[in-house]
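In the two assemblies presented below, chain A is common to both, partnered first by chain B and then by chain C.
Presenting the complex of A and B:
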C-alpha cells in the first residue's frame, strides 16, 4: 500500500518550503499560509492538496520559532511560552542548536501526535464531545494558573501581566450580549485587538526599543565558535538532549495531544502547561533547553491532534482544520465516524503525510531555516535592529492591511518596554489575551445556563478533575516558588 | 538590585489608576435581564484584581527591576523616540509609496538612530526594502 503518491510527496516538499517562509516572517502565520493556499487546493486532487496543507501547518508552526531565535518574536501564542528561553539559547549557544532543539522536539512531538491520531482518534473525539462550557472554563483557568507560575521569581508581577492581557482581550464586542467595550469610539477596535500585532509589538518592537535605549553595547553576544559544526549542533546535540530528556518529551507531547484536540485554544494551553510544569519541577535555575523542548514537543503534537475532532466528528480543532474541513467538502468527502470505515486509503494517506512531514521535512527544512537564522544573527546588532524594526512594522501592517495595527504594535512596544524595565514578564500578556475570550465566554454561558448557580461549576466529573488539576498546579507552584526563593537566598 | 522606594511604588499607582479607569468605564455597560451581570462583569472582576495587585505592589514594592533600567539616560530616550519615529514614518508614507520602500525607510531611520555606518545602513535598508517588496507586494499582492 502506498501511503503518499509521488505527486503528494512533491506537494509535501513544496508545502514545507511555503510553510517555512510564512512561519518565519513575523505577521505571517500558518493560518494565513493555508488560507492563501485554499484557492489553489480547489483545483488539486485531495491526495495532493491535503499533504500540502499538512506540511504547511507542521513546518510553519516550527518556523514560527525562527522569529523567537533571531528577534524574540514568537510565531504563535503557544511559542510565546518559551520565546525568551529559545532566544537566550540561540544567542548563547547558536541559532543552529536552539532551532535544532525546536525542529527535532517538534518532530518527535508531531510523530507522537500522529501515532495517537492513527490509534485513538475516534475514542479521543468522543472524549472531546463530552466537554461542555464548564470544562472549557476550567481548562482556561488551568492555562492561566500555569501561566502565572511559569513567570519566575515574581508571581505578583506575572499575575499583573496576565491581568493586562485579560484586560486587552476585553476590547471589542463582548461575547455575551454583543455589547461594544473599550473601543473609544473607533469602529476599527470593535473586532478587538489583533493578538499577532500585539505579539509583534510586545516582543519584537520592544526588543528594538530596549536595545536602542541601552545602546549597541547591550547587544547579547551571538555564539561564534560553534558555527563550524553545523550538523552536530543541529542534529547530534539536540538528539542527545532529547534522548536524555525523553520522559519530558513524551509527557509534554501527551499533554499537547490531550489538551490540543479540544477545539479553541487547546494547543496554546498545552504548550503553556508543559512549559510551566517544567519550570515548576526544575531543580536547577537554568533549564532553558528543557523548557524549549517541553514547549515545542507539546506545540507540534497539538498540530496533529487538532485533526482528531475534524476527522472523527467534523468539528474544527483550530482555524487550519476549519479550512481543511472546507477542502473536504469541496472534494465531496464527509468527515465523521464513517470516514474511518469508508475512506481508509485517504486516512492512511493523511497519517503518511503527517509522518513524512515530521520525520523528513521538519529536520531538513529546519536546518535550512536555522542556517538563515544563523546568518541573520551574525549581522552587527546596529544593522540587525533596524531590519527587525522594518519587519515588525511590515508584519503588523500585513495582518489586515490596516495602519491601525501598526499603531497598536508600536504602542504595545512602548508598554512592553516599560513592563520589561519594571521586571514584569511579557509572555503572560499574550496568554491573557488569548485565553481571556475563552474564559469569559464559557463562564458566562455556564452561568446563564445554570441560572447563576455556582455549584454547577463543580458538578460534572471532568470539570471536577480539571478543577483538581488547577488546585494541584497552585499547590505545586507555591511549593516550587518557595523552593526557588530559598535556593536563591542560599545562593546569595 | 535595590532601587528608590518611591520609584518602585510607581507601577502600583499606575495599575491602581488603570483599575479605576476600567471600573469607571464598565459602570455604563448594560446588565442581563433580572439584574444579572452582563458585559461589565469580566472587566469589573479584572479591575478589582488589578487594584488588589496594585495595592500589593505599593505595600511591598519589588526591588528587582531590570538591571539595565538604571542606565537609561537622555541619549537612550532620544534613541527610543527615534525608533518610534521610524514606525510613525512608515504609517505616514505607506499610503503613497510601496510597502517595501516604506519599510526600507523605517530601516534607514532606525539604522541612523543606532549610529551604524551610513554605507552599511543604506545597503541593508535597500536590501530589506527590496526583500519586503518582493514578498509582500510581489508574492502576496498586498
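Presenting the complex of A and C:
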C-alpha cells in the first residue's frame, strides 16, 4: 500500500517550505498559514490538502525556534520555555548546532507523537472526553507551578514574573461574564493584550534596547562551523546528544503527547512542564542542550497528538485542527470511531504524511533554515539590530493588523529591560499571559457550575490526580532548589 | 541631467531607448484617471473582525476566492481582531467608502451597542448582501435520557434550574437563543442557567465531560461530533431544515413557535458607498454565491447560505437589531 501519492508528497514539500517561512517570521503563525491555505484546500483532493496542512503545522512549530536562535524571539509560547537556552547555545556553539538539536529533537518528538496517534488515538480520546473545567483548572495550575520551578536560581523572582503575566492577561473583556477591565476607554484594549505582541516586545525588542543602551559589543557568534563540519554540527552531534539523552526525549515527548491531546491548551503546557522537569532533576548547572531538547521534543509530539480528539471525537484541539475538521466535513469524511474502521486508507495516509514530515522534511528544511540563521548570526551585531527592530514592529503589526499591538510591543520592550536589570526571568511573563485566561475561565466555569462550592474542585478522580501532580511538583521543586543552592555553595 | 548623473551610479544604465519607454509609461500613468472610472481597477480588501480559522473567516475567505473571479481583481482577506469583534467592525466603519475596502459584519453588530461597549451599529455600514446564516441547534450528549425536545422541556419544567447549557460567552448569540427558546416554551431563563465558555469547542468539551447538559451552538460547529455519534441534535432553531442534516427537525415543526437567525454574516462596505458601486457589488456577490465552488464546500460544512440584499436586507438587519436588543434586555445585559 502506498502511504502517500506523489502529488501528496509534492504537497508535503511545498507545505514544509511555506510553513518554514510562516514559522520563522515573528507574528506570522502556523494558524494563519493554514487559514490562508483553506480556500485552496477546499478545491483540492483530501490526499493533497491534508498532507500539506500536516507539513505546514509540523515545520512551522520548529521554524518558530529560528527566531529564538537568531534574536531570542520565540515563535510560539511553547518555545518561550527554552528561548534563552537555545539563543545562548546558538551564540556559543553555532546556529547549526542549536537548530540541529531543535530540528532533530522535534523530529523524534513528532515521530513518537505520530506512533501514539496511530496506536492509541481511540483510547486517549476516551480520556480526553473526561476532562471538564475542573480538570482544566488543575492542568493550568500545574503549568503555572512548573513555570515557577523552571525559573532557575531565584524562585521568588520567577514567581513575580509569572504574576506580572497573569496581571497582563486580565486586560480586556472578562472571558466569562463579559465585564470590560483595564481598557482606559480605548476599544482596542477590549480584546486584551495579544501575547504574541507581548512576547515579541519582551524578547526581541528588549534585546534591541539593551544593546542600544549598553553600547557593548556582544561576543561574536562562534565561527567554528566551517563548511565541512556543517553536517556534523547539524546532524551528527545532535543525534549523539539525543542518543545519550534518549530517556529525556521519550519522557518529554510523552509529556507533550499526554498534555497535547487535551483540546484547548495542551501544547504550551506540555513544553513548559517538560523543560521545568529537566531543570528540577538536572544534576549539573549547565544543561542548556538538555532543556532545549526537552522543550522541542514535547512541542512537536503535541502537534500530532492535537489531532487525536479531532480524528476520534470530532472535537477540535486547536485552531489548526478546527480547520482540518472543516476540510473533513467538506470532503464528506466523518470523524469519530468509525473513521478508524471505514476509512483506513485515509488514516494511513495521514500517518504517512506525519512520518514523512518528521523524518524527511524537518531535518532537510531545518538545515536550510539553520544555514540562513547561521548567516544572520555571523553578521555584525550592529547590522543585525536594526533588522531585529524592524522585524519586531512588522511582526507585532502582522498578528492582528492592529497598530495598538505595535505600541504594546514597544512598551513591553522597556518593561523587559527593567525586568532584566533586576534579574527577573521573561519567559514566565509569557506563561502567565497564556495560562491566565485558561485558569480564570475554567475556575469561573467550575464555580458557576457548582454554585461556588470549593469542594467541587476535589471531587473528581482525574482532578485529584492532577492536584497531586501539582503538590508533587512543589515538593520536588523545592527539594531540588535547596539541593542546588547548597551544591553551588560547596562549589564556591 | 540629474538622471544622467545619479542613475548610472546606482547601476542603472540610461540610454535613449529607455528614456522613451519611460516617457511612454509616464503618459500612460497620466491617463490612469480615465481608466479609474471603471470600478474595480485595483485589488479589494475584505476585513474580517474575527480570528483566522473561525467560521466567519472560513466563509469570507471562500467567498473572496470566488468574488475575485467575478470582479476580475484580487480580493485580499485581512483579519482585524480584538475587542470581541469591535476592533474589526470599527476599522470597516472608518474606511473610505470607495468600494475597495469591504468587510464581514456579524450578528454581534446588532448586540454590542446595546451593552454600551461601542456606539457602532448596523447603520454605520452600506450592507451589500447576507451571505451565511448559522442557526442554533439544541445538542445533547449521545447518552442523554431525552429523545426529543419535548422530553427536554418536560425535564426542565419538572426540575427548573438543574440542567445547564453552554455554547459561548455570557450574553453571546447562543445565550440569546437559549433565552428565546426557554421563553417560547413558557419558562424563565433561570430554568436552564447559562455556563459561559470560550466558544463552541470549549462548550462541546464540557458537554462530553458531563459538565453541562445542553449546547446551543450552531450546527456547523457541532456537526463533526454529531456525525461521530458523540452527540445528538434534538432540534434546529431555524425556519427550515438544513440539507446537510435532513433528519434534524426545526422547533416550529415540533410545535414550538421559535426560530432565530442565529449567527449570520453580511458582506458590507462603509456607510455612503456610491450607489453604482453598491449595485455592481450586489450583482457580483449574487453571481459568486451561486457558484458551486462557493456553495458546495460551505453547505457541506454545515453553513446555511441565504441571500438577501437591498430593502429586504435592511429589514432583516432592523428586525435582528430590535429582537436581539429585547433579548439582551431580558437577560439583564443591556444598558
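Here is the rule we use: the second predicted complex is superposed on the first by the 480 of 492 C-alpha atoms of A that agree within 3 Å, B and C clash if a C-alpha of one lies under 4 Å from a C-alpha of the other, contacts with A are read in each partner's own complex, and residues count from 1 in each chain.
Just so we're on the same page, a residue touches a chain if its C-beta (ideal position, glycine included) is under 8 Å from a C-beta of that chain, and two chains touch if they have at least 3 such contacts.
Keep in mind that what you see is a predicted model, and the values were worked out from it rather than measured.
Quick check on the chain A-based superposition: chain B and chain C, clash or fit?
fit
Which of the two partners, first being chain B and second being chain C, lies in contact with A:390: first, second, both, or neither?
First partner only.
Who does A:12 touch here: chain B (first), chain C (second), both, or neither?
In the superposition, A:12 touches no partner, neither chain B nor chain C.
Between the C-alpha centres of chain B and chain C, what angle is found at the C-alpha centre of chain A, to the nearest 10 degrees?
Here the answer is 80 degrees.
Name the contact category of A:402: first (chain B only), second (chain C only), both, or neither.
second
On the A-aligned overlay, A:349 touches which partner chain: chain B = first, chain C = second, or both, or neither?
Neither partner.
Thinking of the overlay built on chain A, is A:319 touched by chain B (first), by chain C (second), by both, or by neither?
Only chain C is touched by A:319; chain B is not.
Which partner chains sit in contact with A:448 here, chain B, chain C, both or neither? Use first/second/both/neither.
A:448: touches chain B and chain C.
So, does A:328 touch the first partner chain B, the second partner chain C, both, or neither?
A:328 sits against chain C, while chain B stays out of touch.
Which of the two partners, first being chain B and second being chain C, lies in contact with A:24: first, second, both, or neither?
Neither partner.
Once the shared chain is lined up, is A:182 touching chain B (first), chain C (second), both, or neither of them?
First partner only.
For the combined overlay, can you note the least CA distance between chain B and chain C, rounded to whole Å?
7
Where on chain A do the contacts from chain B and from chain C line up?
Residues 36, 176-177, 401, 444, 448, which sit in both footprints.
With touch defined as at the start, can you tell me which chain A residues reach chain C in the complex?
31-32, 34-36, 38-40, 42-43, 129-135, 172-173, 175-178, 180, 187-192, 194, 263-264, 310, 312-316, 319-320, 322-323, 325-326, 328-332, 334-339, 400-402, 404, 437, 441, 444-445, 448-449
If you look only at chain A, which of its residues touch chain B in the complex?
21, 25, 36, 153-154, 156-157, 159-160, 163, 166-167, 170, 174, 176-177, 179, 181-182, 205, 208-209, 212-216, 218, 379-380, 382-383, 385-387, 389-394, 397-398, 401, 403, 406-407, 409-410, 413-414, 417, 420-424, 436, 440, 443-444, 447-448, 452
Give every residue of chain C touching chain A within the complex, in rising order.
Touching chain A from chain C are residues 51-54, 57-58, 61-62, 64-65, 78-84, 86-87, 90, 115, 117-118, 164, 169-171, 193, 195-198, 201-202, 204-206, 208-212, 223-230, 293, 296-297, 300-302, 333.
Under the stated contact criterion, what part of chain B meets chain A in this complex?
Going through chain B, the ones touching chain A are 11, 15, 18, 22, 25-26, 29-30, 32, 36, 38-39, 41-43, 46, 49-50, 53-54, 56-57, 62, 64-66, 68-69, 71-72, 75-77, 79-80, 82-84, 86-88, 90-91, 94-95, 99, 102-104, 106-111, 113-116, 120-121, 124-125, 128-129, 132, 135-136, 140, 142.
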